[in-house]
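Each structure below is given as structure tokens.
Note that chain A is present in both complexes that follow, paired respectively with chain B and with chain C.
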Partner chain A sequence: MTTTASSVSAWERIKTALTSGPSGYGFMVLYAAVCSWLLLTNPRTNLNTDIVFVLFLLLVLLVYRSQLVLGFKLALVAVMLALVLPIFGTLNPFYIDVATQAGIFIALALGLNVVVGFAGLLDLGYVAFFAVGAYLWGILSTPQITLINPAWSPVPPIMFYPFILIGLAVGAFFGVLLGLPVLRLRGDYLAIVTLGLGEVIRVLANNLDRPINITNGSQGIRDIERPPLIFAGFVRDTLGWQLSDQQLYQQFFYFAILLIVLLVVVVVGRLKGSRIGRAWEAIREDETAAIAQGIPLVRMKLLAFAVGASFAGAMGVVFASKQLFINPPTFDLLRSINILSMVILGGMGSIPGVIFGAVLVTLLDLQILPRIANVLRDAQRAGLPIPAAFDPTQYQRLLFGLLLILMMIFRPQGIMPDERRKEELQEHDSIPDAIEHAKIPDTESEVGLK
Partner chain B sequence: MHLLDAQNITKTFGGLTAVNDVTLTIEKGRIVSVIGPNGAGKTTFFNILTGIYKPDKGTILFDGKPIAGLRSDVIAALGMRRTFQNIRLFNNMTVLENVLVGMHTHLHAPFWQILVRSPGVRREEAKARERARERLAYVGLDAKRDELAKNLPYGDQRRLEIARALAGEPKLILLDEPTAGMNPQETDAATELIRRLRDELGLTVVLIEHDMRLVMAISERISVLDYGTKIAEGDAATIRSNPRVIEAYLGKGAAGAAA
Partner chain C sequence: MAAEVKAQASSSSGQRSFTEVLRTVFGPVGQLILFIVGSALALSLVVVLLALLQIGARPDILTRALTILPQVIIDGLVRGFLFASIALGYTMVYGVLEFINFAHGEIFMVGGVVGAAVSLFLASSGLLAGMPGLLFVILVIAVGMVVSGALAVTVERVAYRPLRGAPRLVPLISAIGVSLVLQDLMRLMMTNTPLGFNARFNTPDFGPPIRLFEMNLGARPVPVILPPKALIFIVASVLMLIALNYLVNATRLGKAIRATAQDMPTASLMGINVNQIVALTFLIGGALGGAAGALFGLNVGTVNPYMGFIPGLKAFTAAVLGGIGNITGAMVGGVVLGFLEAFVASYLSLFTNGAFSGAAYADIAAFSILILILIFRPSGLLGEATTQKV
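Here is the complex of A and B:
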């Protein structure tokens, strides 16, 4: 008994030392410095860099969960994400691409979280809005538009910037459009119908090459325009960085997506803490009781669909431009489910949780699972007794599935579930209340360690 | 002046007439009870008043406005609030948030201002929180404001439902079996609270209740439903001695024996 008690308290002490006070600042800075140094001095793509890269991203989480001053946290995260990571990206394009993809999925998962997590409307066709945004820019920025009407010409690439906003609006419009028929449905029925509507969009993209070629069908759309590099002169001449166009585009999309993600986080955070967020939550908890409080169900549900879809629409525009090529399979059901798994793994309704889930699933998809498969395959070749019929690279999704199953058994609420906001009040006017408040740091750090 | 004037309300489900030609008028500032055996149509009648069901026949005037057929949320916004027979709280929200949801119709911060968190929005939110805490204090739950609604003891959940309804600044509050499942002490506390709603806040209260001790103690007027039909109306003494009421509750023989 005593040994466990003291070992627990020792662990607690270490945890406190590393996440608060002067030792906390020292630890975080040292951690960041070591990771950054390792990344910048050894930028080759290999297992070691993978591990350091994951540790580097993990630090963002640790800083977020720590008890340090907000200004310090923001500064450290800003240096890591807006300085170290982009510089590392110029040395190794793979990892910054992973980070960029993660950013895209953070925005998508946060959008889906508005619908599923906040309002409790299970939407399995969410990727449709992403497709709408992507095809919007894909069709209008390329000669594809001349196939619809020879008199029309593609919009100039500089229009990319306003088109992010147009994508937002078009996404919201489609959110309302697809939301309307499902307003009366709940739970399983809603899920099935949204799944169907999502597939409808994909099938339309796949087949609208006849009679008029709008989407170019299964061929997809190639050579989608990227915005002109208006800052190229600044980077090359003023900063003296001789980066190729390719590298500049990588930097551009990384920063553009970082910025959009920041905006999305702010927007969903503010909505969540407002009368609108509470109305959504009330609808999720009990529709009948919500209406009885005077909450207009239809308007609030449509607003949730619109807000969620708008992020996907805007990200679709950026995604199409970044990828240069889109085709219908990019937007299949599996993609919707993948985004949903980010929301569920991270913790439905929890903004930090969903961000974490999106990064985790993206890393698993692009980096960790392929790497594990490679390691297994190498071991197999080196003579480890794995049957030859078992090709580890074919079993990545199996590992992902196993992980999901284990998560749902052992932590169904997600990795970082939504914590109820406690009224931040100075006075504790009752003893149970004071105890309740005193407990918070404990549970927080517990969650942080998982 | 009648705050609520429901005339000749009829509602059928398939072949079953759940509410049959019921007329109920309620004056401002009264405590009125609707009683009747299980399945008499009391809750259905509440659901019609609050817009969950549309009546097949009949008119409802609330504060002079016709409301039959309006959506529930519109009726709630007009100042009619209710609690539910089987408590319907927002379980995974805190006690305070439950009350804040009840204030929804009084919060008007526009979408764009919420996104930029304008000073107006912050002011409104701060005010709402203060008001919500007042409401919680009124029912004696302020100390538990940060707990999840589902973690409250049963009696507190009932009181929270009332606090949430109060948050809407209603003119009329409909309480559907507010003391169901309560022990005698809790029932006494609830009775006291209902009385205060009227005496201190000037609310008009309509109760559905099975606890006859409570009904007789606080109702100024009682309407009795049986098989969807109003069979009696009057003050406590009248109802207690009405043979049709006794028959409805105890059966045919009992009415003769009592008389």
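Here is the complex of A and C:
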């Protein structure tokens, strides 16, 4: 008994020492310096670099959770994400691509979090808005547009910047459009209907190559335009970095997405604390009570849909431009589930949680699973009984499915839960039996078997 | 005292006359036939009208439309009974737990895969060629029912029961997880066995297609044929639906299910083991889904681990269309949706002169119906108006 108590307090003491006070500053700086040094001196893609890269990202989490001065925290994270990581990216293109992907998914997950986490509306077709944004830029920036009407010509690549805003608006428009018919539905119906709508968008993208070729069908749109490198001269001549166009584009998209993610975090954080955010929370907890409090239910739900969808629309534009190629399978249900599992893993409604979940799932997808696949392949060659056709990178459904089930059973509030959401979920946990929770008999409301 | 009550109860259920039982069992079947005939007639009428509208520009369109009409109706029936048998699983679980069992499409898929495994085993052991068709069908359906039913009960026990008191979205998300896990587990098993990803569903020879009658349209008579596999599908599903109706409407067990669906706490106060009934509901729904999967595989010829998803969604649409929680409604909804889809799939391309491919837009038609029904008549075709519980 005493040993456990002292070991706990020892752990607590170490934790306090490392995350607060002068020793905390020293530890963080040392940690950052060691990680950065390791990354910059050994930029090859291998397991060691993977581990250091994960530790590097973990530092951001540690800094966030520590009790240090806000200015110091911001400065350290800024140096790491805006200086060390991009420089590392010029040495090894793989990792900065992982970081960029993570950024895209952070923005998407934060958008979905507005709908699912804040307003409590389970949207399984979220990727549809992402697809709308991506196809918007894909069609308008390539010769695809001339197939629709020969008189039209593609927009110049510089229009990429305004198109991020147009993507935002189009996403919001589609969010309202798809939100309107489903507003009256209860949670579980809404989930299925949004899933159906997501499939409809995908089927349309797959089949709208006839009678007029709008989306180029299953072949997708290739050679999507990237914005011109207006800063290339500055980087090459003034800073003296001789980077190739490819590297410059990587840097550009990394910084663009970093900036967008920052904006999204600020917007979502402000929304959460505002009247609107509190209205969403009230709707989530109890719709009837929310109406009784005078909350405009329809407007608030539509707003949640629009805000979530607009982020996805804007990210779609950026994504299409970064990937250069989009096709309908990019936007299938699995992608929606993928984003949903980020939100659920991190904690519905919790902004740091969702960011954490998005980074974790992206790392799992792009780094950890391929590594495990390599290990398995080696084990297979060594003669261990592993089925030949088993490649973990191809079994994402299994992984995300298990993740969803286990999270729902053991930790529905997520890894880094939102305080109020946690209370809501635990309040229900305390009811011992399903019967307690079952409905009150009411002659008007029987949904029995007939 | 207790024995007396029991005796009274059994005598009161024994008092039910035979004709009354017949009525409760076959009444819904009559309703079903009414909807089959009604929707087939209505949709045929729409087709004829559309053809007449275009006849000025394309004189042969009416003949072409009428030529394929009987085949489209048969196709619609097969699709309809497919959706109906899957929809029953959704609707029964929803009736009892008010929970959308998202993984039900995968239960259906497992039935098909198990059927394919049985057929592969029979084919490789050389038994298949000499086997009577009827025995094969019964065997495949039985194995599909057992495996899928057991799987459904296991899923309920592992992934849903621990969450029964939680907010609504929690079990739904868990169910989505189960659906994904089952898809990939099945894929893992199939790709590492001789089945392969696209497993062939071997069947004995069921004989030549049945020629029903010939239509005299234009130059030469058009035969109307019924493929034996479609016939098997329709007959087997009708038998299953009748059996289910009997179970739910005319037995003590069925009464317990209905009582649990109506009011779970009160049912448990009346001495019904609610957990058992819930498990039973999953068993019945799963078995029906498994049988539908085996029949579907038999009819189509191949199965794959992702084949359950879209039929599952459409069957859910069918359940909502008929009025979720309502067993007859699920059958009616399935049949109506099946007809609608078959008509869209066959005629869209004809009436738009090939501009739109019908097969792709049939999916969109199904989801549009789901949305329209939920907006304008959320209680479904046969459902009663319900108020939302607070």
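Note that the second predicted complex is superposed on the first by the 391 of 450 C-alpha atoms of A that agree within 3 Å, B and C clash if a C-alpha of one lies under 4 Å from a C-alpha of the other, contacts with A are read in each partner's own complex, and residues count from 1 in each chain.
By our rule, a contact is a pair of C-beta atoms (placed from the backbone, for glycine too) under 8 Å apart; a residue touches a chain by one contact, two chains touch by 3 or more.
Note that the structure is a prediction, hence the values are computed from the model and not measured.
Peer 1: Which of the two partners, first being chain B and second being chain C, lies in contact with A:79: first, second, both, or neither?
Peer 2: neither
Peer 1: In the overlaid three-chain picture, which partner chain does A:288 touch, first (chain B) or second (chain C), both, or neither?
Peer 2: Touch status of A:288: both partners.
Peer 1: Would you check which partner chain A:40 touches, where first means chain B only, second means chain C only, and both and neither mean what they say?
Peer 2: After superposing on A, A:40 lies clear of both chain B and chain C.
Peer 1: Answer with first, second, both or neither: which of chain B and chain C does A:412 touch in the superposed model?
Peer 2: second
Peer 1: Is A:248 contacted by the first partner chain B, the second partner chain C, both or neither?
Peer 2: Neither partner.
Peer 1: Is A:54 contacted by the first partner chain B, the second partner chain C, both or neither?
Peer 2: So A:54 meets neither chain B nor chain C here.
Peer 1: Would you mind checking which one, chain B or chain C, touches more residues on chain A?
Peer 2: C
Peer 1: Which partner chains sit in contact with A:199 here, chain B, chain C, both or neither? Use first/second/both/neither.
Peer 2: After superposition on chain A, A:199 lies in contact with chain C alone.
Peer 1: Which partner does A:235 contact after superposing on A: first (chain B), second (chain C), both, neither?
Peer 2: neither
Peer 1: After lining up the shared chain so the two structures overlap, which partner does A:270 touch, if you call chain B first and chain C second: first, second, both or neither?
Peer 2: A:270: touches chain B, not chain C.
Peer 1: Just to be sure I follow: which residues of chain A are touched by chain B in one complex and then by chain C in the other one?
Peer 2: Common interface on chain A, chain B vs chain C: 288, 429, 432-433, 436.
Peer 1: Can you check the complex and tell me which residues of chain C touch chain A?
Peer 2: Residue list for chain C touching chain A: 91-92, 94-96, 98-100, 102, 159, 162-174, 176-185, 187-188, 191-192, 248, 257-258, 261-266, 268, 274, 309, 313, 316-317, 320, 324-329, 352, 355-357, 360-361, 363-364, 367-368, 370-371, 374-375, 378, 382, 386-390.
Peer 1: Quick check on the complex: what are the chain B residues that touch chain A?
Peer 2: Listed in rising order, the residues are 50, 52, 71-74, 76-77, 81-82, 84, 88-94, 96-97, 100-105, 107, 109, 111, 114-115, 117, 121, 125, 128-129, 142-143, 145-148, 164, 168.
Peer 1: Quick check: in the complex, which residue numbers of chain A touch chain B?
Peer 2: 267, 270-271, 273-276, 278-279, 281-282, 285-286, 288-297, 303, 420-423, 429-430, 432-433, 436
Peer 1: Using the touch definition up top, name the residues of chain A that touch chain C in the complex.
Peer 2: Going through chain A, the ones touching chain C are 120, 122, 124, 181-182, 184-189, 191-193, 195-197, 199-200, 203-204, 206-207, 210-211, 288, 333, 337, 340, 344, 387-390, 395, 397-398, 400-405, 408-409, 412, 424-425, 428-429, 431-442, 444-450.
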